[in-house]
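Naming follows writing order (A, B, C and D), and every chain is counted from residue 1.
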Amino acid sequence: MSQTAALNERIASPLGRPSYLADGVTLKSWLLTTDHKRIAILYMISITVFFFLGGSAAALIRYNLIVPEGMLRSAETYDRLFTMHGVIMVWFFLVPAVPVTIGNFVLPLMIGAHDLAFPKINLLSWYLFIAGGALALYALFAGGVDTGWTFYAPLSTDYAEGNVVLLVTGIFVSGFSSIATGLNFIVTIHRLRAPGMTWYRMPIFLWSLYSTSVIMVLATPVLAITLLLLAFERIFHVGVFDPRIGGDPLLFQHMFWFYSHPAVYIMILPGLGVVSEIIPAFSGKELFGYKFVAWCSIAIAVIGFFVWGHHMFVAGQSLYASVVFSMLSYFVAVPSAIKVFNWLGTLHKGYIRFDAPMLYALGFIGLFTMGGLTGLFLAALAADVHLHDTYFVVAHFHYIMVGGMVSAYFGALHYWWPKISGRIYPDMIARAAALLMFLGFNLTFFPQFILGYLGMPRRYHSYPPEFQVLHVLSSAGATILAVAYLMPLFYLTWSLFRGAGAPANPWDAKGLEWQTPSPPFTANFAVTPVVTEGPYAYPTPGTSQPHV
Amino acid sequence: MKFSLAEASANAAETDYLIAGFVAVSAAVLAVVFGLMLFYVVRYRHNSPIDRGQIAERSFRFEVSWTAATLLIFFGLFIWGSIMYVRLYLPPSNALKIYVVAKQWMWKAEHAGGQREIDTLHVPVNKPVELVMTSQDVIHDFFVPAFRVKRDVLPGQYETLWFRADEVGTYHLFCSQLCGTGHAAMIGSVVVLSDPDYAKWLAQNGTSDTLAQDGKQLFIRYGCSGCHNDHGTVRAPSLVGLYGSPVPLSNGTTVTADDRYIRDSILQPRSRIVASYAPVMPSFQGVISEGDLLKLVAYIESLGSENPP
Amino acid sequence: MSEEIAPHVHFQYANARHQAETAISGMWLFLATEALLFGGLLLAWVVSRHWQQSSFDAGGRETVLWIGTINLALLITSSFVYSTGLGSIEGGQPRRLIQCCWITAGIGLLFLLLKFYEWHIDLSEHLFPAGPFKLHGAEAGGARLFWTFYFVATGLHAAHMTAGIGLVLWVARQARRGAYSAAWHTPVEVVGLYWSFVDMVWIVLYPMIYLVGRGA
Amino acid sequence: MNKLDRRLVFGWLGLLALAAIEFGGSYLPLPRSLRPLLLLPALAMVATVALLFMRVATGPAIVRSFAIATVFWLIILLGLGTLDPMTRAVYQVQSTELP
């Protein structure tokens, strides 16, 4: 920022304004707030609750799989556990995670706005999320559902007991929450950018939030109508998916995956954006190939809608459609490869520091690449015939979702924690937690690749004895992973009360959000800032040593 | 504890080579990514004094060529995978047909000779076997890891899966599409027998009469013979030599009478009426069970067909 | 940034036109989600009809054509009337806008009444897909598929219709309170977009439900 | 009756005319597989409503991009969505009565 220091001062000067945290302490001021920062905090708390609920279900699953006949005696309980793990993690943690917590908080700050375009709709989004979550939790705990998070017909419509309709309604309601958030972000990024902030001067995180929102807005309605048809068929025992009257069960899979594959891009794109923020900040160097990375986010969002058929290669889909979807699935991998290349380009000749966010980002690059490459295994038709619905698939999407998305979420949490809470977290413990997570993760999920190749099917409560060693390894890894996830909960909460006060720009990073005090005051900026240069205006190496 | 999976079918080896190809290419890409990352992280850590110098501008072309190269390699693997898939998708015409009915949490197999077995499947070695599968309730999936084949079994329609087992032995059979509580219990074994053993097994387990003979009794019991008989073809078309032959329909199109068409016409006759016949045949949906249906279809096939099995 | 902020302009918009366009683009994006919601239903219609063409159309022939056709004409007219209302407020005549709003809401209500009457006819003829069904034999399966699609589609459309009438009446009430003027009438335009969208949905649903099934 | 009202009235009459064409078209003896062509007049009516009543052409550029994106995504949903059923050769067993 080449503005004069005075202007900087005027932009960020709190002028005695209280920080958004201190601006009203009554419960009403929190529950009826339209301040995007407070809504981000509300979301962060609810996301954390759902994360640990889903995580405990995962722990029970891994506990059950220690012995071939299953530690939990009833397969029914196991089915309900992995359905609960799937539903909570997909719709109540991964889809909302970064966009609603970090995105809500940071987007207006990054574009120099006071708030999102429709603040009331933003609050409505949180209430829809809580309503949907409550409904889903009640359905899952008051009997649960044993169809898996995919709800395939005719199992979900005619043969499964358990409160499918209640759970489906919960997801239906939470779908509107993500539509509201997506709509808010798209209109805000289009309409409320600070003067001078052209599209190419926006940080990459906003590009990825924009493309995530495009998917949220355009894919979620199809999920809504699919769940509506499913509920109709389950209530009236007759519907378009019912093979007995000539309906097509594959129609359900088509409509479900039309949402669910773009949904996995909803989950990963914000992570790609976060890493594109953290890597330049801790390499002290401009992001390599900004335009490439920016347009790759949009490309992932658009091409992500063409490829859903690769979930149905062995499901009875026609030969012609399978080949077409398989080919398209290879094109969707190109933008992700370009992003990884550009991150490496950013590290090249940088001034790399190893703070906790950077460790999470470096872990993300490795694990996301492994997840992406194993996805190409599954996109090949003949390999998918063998590997489909085995633990290979489980390992693939956990590498991307847990290895990629969750470490990006934790990286973002640590990167913007000083800005959000105004406190500094204990650095060494945070780095230890990051490393522990990397190790625990690999021990948990790498054995599952081998299990999958050996033919161990998904969603099995009990399994042939020859798979036991790999399952025990995986369960051991899961315990380490659980510890690595609990550590941040403790030291971040500890930092809220005892952490040192955070300066406005603890990481010497570029970007408008680091212009405001930590934590920022409610209106974000005293005077709307004018943007005169790109988002990563670090001094190019060789010209001048960036101040340390 | 074993790390290798038996390669017990013709396409198993090639599937393993394809997967090995992917592992090799992915390992190379990962080596580059992890290698570069570790190298940069150590060499350019923030307090290392080495000179950073100007960033080389050629990397734009390097990036495009690197991405195009990896895409081409993966595209090669995609084409190889697709060719294999087409071969896996279409069963050879001379395959031995075995009917499989999946039911919530068990597999029922019925051989042409009338042998019936639950949760096991005996097949001859070195001969293509085609499984004609349907489900009575939810979607199941017939998965034999050792053969590297799997196919979802859909209710209300036939799905075919074929393989050529080339190693004698017993292999796991899994259901790999979630089908409810007993999903994990719906496993069995595929037993590959040498030709003499297979013949002996067929003899031992053969019931008194073959599938077709069972079908003949059902053909009479359900009253089909009343209309479809050899001498009069006034009320209903003759079924002799029907199987595999083209059938002209009332709406002008012609279809080949394969087992799907026969099963269809029994369950829902009015949807495809043979040319110049009145739609008088009643529907037998809900009257004839899947098992009996297979026997009737086998009987009609046995009434002399274009290409005898 | 002009300190004098026009009325109703939220503290963060540069001027009224900026906020108006933001609200309109926000509604258009919401209509995109609604379009894909009904788009999913369209896919269900195409695929179900593909598998069961003859029996699907057999179900289609049981629909009450005259009510559907009148409803189509009604909705087109209501969309036209509301647009003239919007035109009149732009010309600064709130009184004429209020009249147009009442006419639009009236037509909408008439549409709903006709629709409920049609449902009554259908239910009395056992055309609801579950339970005892009017058609038997070969056509029953596909007909049940058609009527599942019919009740989900018309139910969803009627729900949107009710919401639309509510919004139009709210606009009428606000206009009577003098909230709108030639300078500022964004909510009128936003509700107009929503109303015309609901009309569009019926325009597409009409041939799918009433016309494609009938014929040779 | 200013210029705007006159355009609206023509639009309205046009829509009713298209509806009449569609209604008449349904009596043509089209073969069953071609009957969905009756949706063409409906698409024309949708375009008219969008252009005239919703003023998609005269609004800000962002509105046009959202409208075009909607049409593009509907084409993806319906196009790729019907790719499999249209090319799937297997016979769908039409069972009729619910057991």
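Here is the rule we go by: a residue touches a chain if its C-beta (ideal position, glycine included) is under 8 Å from a C-beta of that chain, and two chains touch if they have at least 3 such contacts.
Please read all numbers here as calculations on a predicted model, not as lab measurements.
Trainee: Of all chain pairs, which one counts the most C-beta contacts?
Mentor: Ranked by contacting C-beta pairs, first place goes to A-B.
Trainee: Going by average Cα coordinates, which chain is farthest removed from subunit B?
Mentor: Greatest centre separation from subunit B goes to chain C.
Trainee: Rounded to a whole Å, what is the gap between the Cα centroids of subunit B and subunit C?
Mentor: Comparing mean C-alpha positions, subunit C is 46 Å from subunit B.
Trainee: If you average the CA atoms of subunit A and of subunit D, how far apart do the two points sit, in angstrom?
Mentor: 36
Trainee: In whole angstrom, how far does the Cα centroid of subunit B sit from the Cα centroid of subunit D?
Mentor: Going by mean C-alpha positions, subunit B sits 39 Å from subunit D.
Trainee: Identify all positions of subunit A at which a residue touches two or more other chains, and write them in rising order.
Mentor: 190-191, 218, 222, 237-238, 243-246, 248, 250-251, 254-255, 258, 316, 319
Trainee: Send over the residues of subunit C in touch with two or more other chains.
Mentor: In subunit C, 21, 25, 29, 32, 36, 39-40, 43, 47, 51-52, 54-55, 137-138, 140-142 touch at least two other chains.
Trainee: If you look at subunit B, which of its residues touch at least two other chains?
Mentor: Answer for subunit B, listing residues that touch two or more other chains: 156-157, 159, 268, 271, 283.
Trainee: Where on subunit C does subunit D make contact in their complex?
Mentor: 21, 24-25, 28-29, 31-32, 35-36, 39-40, 42-43, 46-47, 49-55, 57, 69, 72-73, 76-77, 79-80, 82-84, 87, 90-91, 136-142, 192-193, 196-197, 199-200, 203-204, 206-208, 210-216
Trainee: If we count contacts the way the header does, which residues on subunit B are in touch with subunit C in the complex?
Mentor: Contact set of subunit B toward subunit C: 268-271, 283.
Trainee: Help me check something: in the complex, which residues belonging to subunit A touch subunit C?
Mentor: Residues 113-115, 117-118, 179, 183, 186-187, 190-192, 217-222, 224-226, 228-229, 232-233, 236-240, 244-248, 251, 254-255, 258, 528.
Trainee: Which bits of subunit B are touching subunit A when the two form their complex?
Mentor: Contacts found on subunit B: 1-3, 5, 11, 14-15, 18-19, 22, 26, 29-30, 33-34, 36-37, 40-41, 44-47, 51-55, 59-60, 63, 66-67, 70-71, 74-75, 77-78, 80-82, 84-86, 88-90, 104, 137-139, 141, 143, 145-146, 148-152, 154-157, 159, 172, 174-185, 187.
Trainee: Give every residue of subunit C touching subunit A within the complex, in rising order.
Mentor: Residues 1, 11-12, 18, 21-22, 25-26, 29-30, 32-34, 36-41, 43-44, 47-48, 51-52, 55, 128-130, 140-142, 144-145, 148-149, 151-152, 156 of subunit C touch subunit A in their complex.
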